[in-house]
Every structure is written in structure tokens, then in C-alpha cells.
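Look for chain A in each of the two complexes below; its partner is chain B in the first and chain C in the second.
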Partner chain A sequence: MAHRSFKLSRLSIPVLGLFWLAVTTLPFLFVVFTSMKTLQETYTNPVWALPESFSLDNYIRVIEGSYLTYLRNSAFVITISVILIVIVSSMAAYALARLKFRFNTALFGLIVAGMIVPLHVTLVPVYLMTRAMGLYDTLFALIGPYVATSLPVSIFILTEFMRQVPRELEEAALLDGCGPFKIFAKIFFPLSTPGISTVAIYNGIMLWNEFVFAYVLTSSPETRTLPLAVWEFQGQYAADIPTILAVVTLSTLPLIIVYAIGQERIVNGMMAGSLKG
Partner chain B sequence: MTSITLNNVEKSFGKVTVLHDIDLMIEDGEFCVFLGPSGCGKSTLLRMIAGIETVTSGDLRIGGERMNDVLPSERRVAMVFQNYALYPHMSVYENMAFGLKQAKTPKDEIAKRVQIAAKTLQIEPLLERRPKELSGGQRQRVAIGRAIVRQPAVFLFDEPLSNLDAALRVHMRTEIANLHRDFPHASMIYVTHDQTEAMALADKIVLLRSGEDVLTKGSIAQSGSPLELYHRPKNRFVAGFLGSPSMNFLPVTLVNANTEGATVRLASGEIIDVPVDARTLSAGAPLTLGVRPEHMVPAPPGTDTQVIRKVVHSIENFGEHSYLYLSDTPDEPCIAKVADDVLETAEGPVAFRVRPSACHLFDANGDALPYLADATSRTFA
Partner chain C sequence: MSSAEIAPTESGHRQSSRRFRRAQKVAPFVFLAPAVLLLLVFLLYPLVSSFRLSFVSWNGLGDGGDFVGFQNWVRLAHDTLFWRSALHNILLAVFSVVVQLPIAVVLAVVLDEASKGSRILKILYFLPLLMSSVALGVLFKNIYDPNFGPINGILSELGLYSWTQDWLGDPRLALASVIAVVSWQYIPFYMVLFLAALSSFPREITEAARLDGASGRTIFWRLKLPHLQGTFRTAALLVLIGSMRYFDLIYVMTGGGPENASEVMATYMYRTVFASFELGYGSTIASAMFFIIMAISIVSLRVSQRFETEV
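Let's look at the complex of A and B:
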């Protein structure tokens, strides 16, 4: 019996792995292949057929359109948002993890509770506030809500991370002449790099795909981000499926590149509980 | 001037008092060991001197200056932590230089000091490595190096050897003793629960007690030179804590007392003379006789005076010495440590001779009755 179950588990892991690979890759391959077909081909050839010639015409058409504006907007908004998220959440996490002050636990609870607030509930107030501040239809309109909605989960991750930093390191730094701010900057921030990478990459991916705020808070093509590009192109190219899928591929590509580079860090960050001093 | 003075120092966490009534003077250049059972607050006391813990009440002075509210970095102290507390993201060099950099020491001065410390500790080849690439002993050396470069007035060691294996521990113990020799003007305070380390290193041992007695008797059970504590314990706690195996305690009653000493009778009837002053007590007072296992010497046949007769229940031979287990009840262990291999003993009680000067008497409160002879003459008696 033991022998059989051993064989089963040996077999089942690669089989499940392959199955999962198929589930995740096939739609993506479908998108990439179809984006290289001509409109004609999509009607005449079978759905899963390879493109007759791997043509980049659709891509060129998209890039020559306003795609680059969207890309630039997305990059701008997300870079600034992620930098702000990392600075604010790491400082907050250090304070919550290590500084002693009244209502520390209560405050942490409140921040974490922020994770359960549905984003859509805040849409109307955020829209009205943005208008009132005169930021409507600018890129800066997105940064505020992006940072605010990302903070609870980021602070949660980093607080847990910083609680793992051995207390003696803090005390050694104290003896070495550091105050709370220097202890944060010289000890906790560098030691939390895996957690900070996780927060940066995780939020980067979430915000890259963010649609609702971008849709509500911006209106002109000059201020819109990539997720809206798909939306815009859908209107523009109506039923031109290959071109829309080229837009989809182009929007996903930066994410795939970032993930490929940062994958190890994301995984390490997710396993931060096993950190040993 | 790097003497450390504690006056009536107290520490409590909320309503729990951990340290009470600490009066202590550590001289310039002295090697002082805080010893005690776990939970007695010895590490807390050290951390209060370092400035990591606040002083609840009382005065802490270093070099005559009140330090209660001075920042840790300005107390001229350096600390070596139990688990080294090296910054994992910095190289050995950066670890050692970090404190000096914070103090805005010129770069070439930092480099010079780190090089000298690294040479003393033989860690020069390791300067570029990260802490995780080092062995336990090497990490400990780096931690000590980090303390040395700051040229502190006081070195604080918090159980620095407890994470090392037995052989390395003895080696590093010698190195710490050498460090004390190399920095004769720096005072050193060393926390340990290992009495061997304390006896080996200390100029002065401060033995702290834990439990309920702290509030009534104060945290310090006794402070003094290692031999003073060993040969002249002030109370049963000190007598029982130092020495391995622990001192044997036997119930006795006072027969008479005069200027020469006291005579007591064991429950089994033997009479023992002890050179202590018991004249304040009346005959028949219940007392406790303390005799260390190594001072219970098998008596030659026919010896009648100054003997304790006990049945040997079991024997452990270690080659260099043997333990004879003499207790009738497991709650009150009684052990004789004898020099010879003992393979078998008589079935009846065996007589052990005890020198009067090796005996201690404790009153009902657990306090030692005052000794009549001074410590040095007794040591060689």
C-alpha cells in the first residue's frame, strides 16, 4: 500500500503541474497567436490554428496609435504611487511593529480593517473630492486613491515582517548611537528589503491592472492609463479582435518582464515568516 | 574614572518588581559578574546600565556622573549580546565601524581602530564577510570587536558564551579574560548563569536571588570575591547556589556556644563543632548545618569526633572523583564527593569527617551565623 501511494504522489505532482501550466498558459498563447493573425484569418481559420505568418502589423498599428501615451501614463502613475506606498507603509510598519505608544494595537487593527472596505463604496466620495481639489482628469488624481487603497495590505505585510527583526539589533543600534529614525533607515528598512520588494511588486501589478478609479477619475485620452487603452481600442477597432489582443499583449508584457525578474523576491517575501536572525 | 555605582536601584515592569534595593559599587577596571538563577533580573540590571531599560527608581552613576536619563550611546558603554546582534546586511568591517560612523569619527581613524581590533581578535581575513558566513565563535569575536573599537569605559557582556559549544566556550572564556588584561582601565560587567564562568573570570561576583525573598531581603544575595562567596556565604541561598554538587544542608540543634565557636548535634546524635558566633542563640535552637560535598572526607576507622555517619545508597564514579549519595529522602540531597574510586562500601553507615572550618551554620531565616576566623586563614586551614 505504502509503495502504491508513494508512486501515486510521484506521478500526481507533475501531472497536476502540467495541468495547471495548461490552464494558465493556453489562454495567454491564444491571445498572443491571435494578435498576430489578420482579421481575415480569424474568420476563416479554426480558432486554435497558428497564424499563417507571424505578422507584427497589428502591433505596429497599436504602437503608432496612442498606446505609448497610455504606457507612459501608467508608468508615471505607478512609479510615483509605489514609491509613496513603500515609504509610507514601511515607516508606519516600523512604528506599529516596534514603537511603544498608546492605541498602537487598536490603530493596527483599524488599518488592517481597511482591507475589508470595498473599493467601490469610496468611488463617489473620491470622485467628488478629486473634482473639488481640481485634480479631475489629471494623472495626479489617481495617485492619491492608489496609495490610500494599497496601504492597508502593505502595512499589514511589512508590520509582520518587521516584527521578525530581532530586538537585539535595535538595541545594538541604540548603543551605537542611532535614534528611532536612524534605526528605521539603517537597520529595519534594509533588513526588510524582501518584504518591501513584495509590497512594491504586488502593488505594482495590482495598480497596473487598476480600471475603476482610472475610468472614473480621468476622461481624456492624454490622462488615461493602460487598462483603459483596451477599453478605448475596443471602441475604436470595434470587432477587430487581433488588434485588441495585440493591445492586451502589449499591456501584459511589462508585467511579465517585472515578474520574471522579481519572481524570486516575491516568493521569498511571501515566505518571510521563516526569516531567522 | 569608570567606577559604576548603583544606589537603591529598583526596577519594576508594571506592578511586578524585578529588582529591589540594589546597592552596588563596581571599581575602576574591575571584572564584575552578575550571577543568579534564571528570572533573577541579572540581564535586566545589565540592560539598565547600558541604557536599554529605564531605571524605575534609584541612582545609576558611571564615573561619578548620574546616568539615569543619559542616552545609551553617551554612556561610554559597549555591549556584547547573547546572540551577537550583528547587523546581517553589513560586512564584518561595517558592523565594527557602524557605531564610530554614527559618532562621526573620521574615516581613517575608523579604519585604524577596526584594523587594530581585528588584529587583536584574529579576524582580519573575515572583514569583508557577512555575519551569516561566519561560525559561532567568529561571530562572537566580531561582536567583541564591535565593542572594542568604541573604546568604552565599561564593557557589558550578556551571557556571551551561552550559544557556543562546550569546548569553544572554555576557549572564548580565556579570550575574554585576556581582553580584561589588555584593557586594564575598562570595567567589565558580565552576566551569566554559569557559576564556573563566574568563578573563573570574576574579580567580584554579585549573586542575585529570585522569588519572594527579593522584596524582603533585596535582590543582591551577596557580593564579593569568588572565594569569599564560596567559603563565606552570607546565607543559605548563596551557599546552595555556588558549588557543584550543591552544599549539603542537615538539620541540627545548638548544644552550646562560646567565644571559640558553637557545638551542634545532628538528628542522629553526632556532635559537630563549628567556628561561628552563636552566642545570641540559646541552647536547643534549631539550626541548619551546611557542609560541601567535597568537604565530607571518609574518616579513618576509630575516628569519633567531628564525624557524620550516613548510609551510602548509590555511587557514581567519574575517574577523577566519585559521588556518594547519602540521602534518605530525595527532597534533601546529601552527597559526598571523594577523591578515590569507590567500588563498594560497607552496608552500615559510613563515617565522614568534616573539618570545623569547612562547616557553616544557618539560622531559621537562612542567614549564616558570623564566622569567627577570617576567610584567608580558613582557606588554608
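Let's look at the complex of A and C:
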């Protein structure tokens, strides 16, 4: 009996593992294969049939369209936002972790509490503010909300991290006559590299896929980011399923490429970020 | 001679220490100013402003709208659509917990036991989390498509015509179809979470239990599952709070329809503001959302803390 159940579990493990692999990958295969079909094929051939010729025509059409503009916009906004997030949150984290001042704990608690604020509550005022500042429909409209909404979780992660930095290093630097600014730049910032990379990876991926702010604060194709490319193409190509799915593939491709380079780090970064958030 | 040597360094030291002390005094402000400023402008001010707008009737034109007191809040209390949306959020939360967490635990155990290929499987399983919700929504809209989608295609090929459905167009099915996609995307996340907890489970205990004649099943139910309790609580809390503010995927896939069958608080709020141009009432919904989420967070943190001290 015990022997049989042992055998059963030995068999069920690869079966379950492969089953979920199918559940995960089949939708991706559907996207990739369908995106290489012609529109005609999707009407006449069964949905699971392989494409008659693995043609990249749909991709070429999308890339020759405005895909590259969206890609460039995303890259621009995300790069600036992530750089600002890293600088601003590591500075704040250093002050919260190591500097003595009144209300330190209270401020830390307040910032951390910011993590539960749902973005949608800020949406209308941020929209009105963006219009009032004349930033509506520019890429710069996104940077403020992106950086600010990422700060609570980033500050939380980095503060935890900087609390671990050994006091001896700081004291040695103090004896050498370093002030707080030098200590931050020479010791805390470089020693927090693992925490900083978590913050950069997590926020980078989250913002790369961000939809609501980009949807509300921009309106013209020249200022829209990659997630909205899918949205816009969907309207534009209406019933052209293969082309829409080519857009889906192309919009996911940049992150898949990044993921191929550093899977383990990205998995860990995403986990750490969402757990704190 | 020696005192002359010391004097200048001493005064130099005093001077630098004064400068140092001043630096130490201003340092917290300088380090915190950018973060605090950004949070004030883009988080706290909007939060307060949203609450202020909830007492106003405004179509977005002209400036400010008219103060209407608690009118919007009274309307909210009687708005069956709002409560229905909130109920959908709760359903999303409950089904997410019931569907996602058990499957995630099973998969975590599978990966934990499988020595070969578990790393590759983990990497592949994680892929859905890299997709933007728009891409995901558009992808599954096509998969659910009643005419050209693979689900109905396969069902009718198998002769199961009566099983084919308008997955997103049928009000009875829309919410369930959406929850299925949410689960598809997030199960890997919780799987990795449980996997991390399982890998911290001491191997010696498993080996000792096995020597005592415990079956793999007993080890799982009696030893490993209790070990995951804390992780379960964390996961349930994440699901709960995430479900209350869910938006993107539902907006892309169904827009809250058909007939509000998949409407959640955030989609309702969005439509009220950006389609009906009722900025005041939309802000009331947004503020209510914030209060509900805050209440849930506080209560569930308290509850999980109490559990923690009991265990």
C-alpha cells in the first residue's frame, strides 16, 4: 500500500509538471503560431493548425508601423523613471536607516503605508494636475506618477537593506572625516547594490507594463508607451487576429529577451518587490 | 614646537567638526526632501484631493464644480451597481484564494520533489508574469473568442458543441472567465513563494519521518503543509488586497461588461469619470475603494498577527 502510493507520487510528479507546462506555454504557442498566419488562414484552417508558411509579414507590417515609436517611448520613460527611483529612494532609505532626526520612525511608517494606496484613487487628481501643468499628452507626464508610486516599496526594501550595513564601516569613515554625504556616496550606495538591483528590476518590469496612467495621461500615438501599442493596434486592426497577435508578441518580446539573460535575478526581484508591496 | 604643531590641526579639526555637525543636521532634510516632495505631490495630495472631490458635482468643465455635501456618498450607499462591483471584487478575491493557492502549493511540491528540470520548469512557469495585462487581455480575448478561438475550436472538434460558449459575452460566464485568466497569470507567482518556503524545510525532518515509516503523503499533510502556514497567510493577504484594486485585465477583456457582469470597483470608477464625466461621483467611488482597502488591510494584518502569536 505504502509502496504503491510512493510509486503513484513518483509518476504524478512529472505528469503534473508537464501538465502545467502545457497550460503555461500553450497560450504562448497560440500567439506565436497564429501571428505567423495570414488572415485568410485563420478563417479557413482549424485554429491549432500550424501556419502554412512561417511568415514574418505581420511582424514587418507592425514594425514598419509605429511599433518603434512605442518602444522608444517606453524605453525613455522607464529609463528615466528607474534612475530617479533608485536615486531618490536610496537617499531616503539612507536617512531613514541611519540618520538620527525627529519623527524618523513615524515618517518611515507613513511612507510604508503609502504602499496600500490604490492607484485609482490618485487617478483623477493626477489627471487634473497634469492638465494644469501643461504636461498632458507628453512623456514627462508619466515620470512623476511612476516615480512617486514606486517610492514606498523601494524605500522599504532599501531601508531594510541599509540597516544591515555594518556600523564599523560607517565609524571608520567618520574617523577619516567623511560627512554623511560622502558616507552615503562611498559606502551605503555601493554596498546596497543587490537591493538597488531588486528595486530597479521590480519597478522596471512593473512600469514597463503599466497601463492606467499611460492610458489616461497621454492620448496621441507619438507619446504612448508599449502596453498601449497593443491597445491601439487592437482598435486599428479590429478583426485582423494574426496582426494583433504579432503586436502582442512584439510587446512582450523586450521583457522576454531581458528574462533570457537573467531569469533567476528577475524572478527573485519580482518576488521581493511584490512581497513588500 | 610640538604644541605649535598640534594647535593648527586642533583648530582645523574643530572647524571641520563644526562643519560636520552642521552637515549632520541638514543631512536628513536633504536626503529625504526629494522623496517626501514627490510623495506629497503625487500620492498624498491626490488622495486628499480625491476625497475633497467626493463632495462635489462636476463634469470636468469650468473650474471646481459645485459643492453638494454628502449627496454623492448617499448616492453611493444606495447604488446597487457599486455594491455589485464590490461583491465582484470579493468574489475575485475568494476564488483567487481557493483556486490559485492550492494549485500553487501542488506545483511547488512538484518542483520541490522533481530534481531534474525543476529550474527550467520554474523559469518557464514564470513567463505569464512578464506580460503586460493589456497583452494578456488581448491574448485571452482571442483564446475565448466564440468563433475563432481555440477553446471553442477544440470543443467542437471533439464533438462537444453544447460545451462551446461565448465565454466573455455571456453574463453568467464573464466573471469566471476573467478569474481563470487572473489565476493563470498569478499561480506561478504563489508557486515560487511556496517553493521558497518548502526549500527552507529541513531535509533531516523528511528523512527522519521516512525512516519512521511515514509515507510521502503523510509527510506532505502532516509536516510540509503546516510548515507553509505562514506563507499561506502572506499569500492570502496579497491576493485579498490585489483583488480589491484589480483593474487592467478586466478593463481590457470585458470593460466590466456584459451587463456589468464583470464590473469591479475600479472599472466602475473609471467609467464614471472618463465615460460619464462625473468627476465628483467617480472620486466618491475611488475614495470608498481606498477606505475599503485600508479597512481590509488593517483587519487582515491584525488577524494574521493574532494567528502568529497563537501558533
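As a convention for this text, the second predicted complex is superposed on the first by the 238 of 277 C-alpha atoms of A that agree within 3 Å, B and C clash if a C-alpha of one lies under 4 Å from a C-alpha of the other, contacts with A are read in each partner's own complex, and residues count from 1 in each chain.
The rule is simple: a residue touches a chain if its C-beta (ideal position, glycine included) is under 8 Å from a C-beta of that chain, and two chains touch if they have at least 3 such contacts.
Because the structure is predicted, anything quoted here is derived from the model rather than measured.
Superimposing the complexes on chain A yields a three-chain arrangement in which chain B and chain C fit side by side. Of the two partner chains, chain B is the only one that A:169 touches; chain C does not reach it. In the superposed model, A:13 lies in contact with chain C only, and not with chain B. In the superposed model, chain B and chain C sit 90 degrees apart as seen from the Cα centre of chain A, a figure rounded to the nearest 10. In the superposition on chain A, contact is made by A:187 with chain B only, not with chain C.
Of the two partner chains placed by superposition, only chain C is touched by A:155; chain B is not.
Within the superposed three-chain model, A:197 lies out of touch with both chain B and chain C [touch as defined at top].
After overlaying the two complexes on the shared chain, residue contacts for A:177 are found with chain B and with chain C alike. More residues of chain A are touched by C (comparison of chain B with chain C). Once the two complexes are overlaid on the shared chain, A:55 sits clear of chain B and of chain C alike.
When the two complexes are laid on top of each other via chain A, the two nearest Cα atoms from chain B and chain C are 5 angstrom apart. On chain A, the surface patch touched by chain B in one complex and by chain C in the other comprises residues 177.
Residues 2, 5-6, 9, 13-14, 16-17, 20-21, 23-25, 27-28, 30-31, 34, 42-43, 46-48, 87-89, 91-92, 94-96, 99-101, 104, 107, 111, 114, 116-126, 128-129, 144-145, 147-149, 151-152, 155, 177, 179-181, 184, 205, 208-212, 216, 226-228, 230-231, 234, 241, 244-245, 247-248, 251-252, 255-256, 259, 263, 266-267, 270-271, 274-275 of chain A are the ones touching chain C in the complex. If you check the complex, the residues on chain C that touch chain A are 16, 19-20, 23-24, 27-28, 30-32, 34-36, 38-39, 41-43, 45-47, 49-50, 53, 106-107, 110-111, 113-114, 117-118, 121-135, 138-140, 142-143, 148-150, 153-154, 157, 184, 188-189, 192-193, 196, 213, 215-217, 234, 238, 241, 244-245, 247-248, 251-252, 266, 269-270, 273-274, 279, 282-283, 286-287, 289-290, 293-294, 297.
Residues 47, 50-52, 71-73, 77-79, 81-83, 85-89, 98-99, 102-103, 146 of chain B are the ones that touch chain A when the two sit in their complex.
Within the complex, the chain A residues that touch chain B are 166, 168-169, 171-178, 182, 186-187, 190-191, 193, 277.
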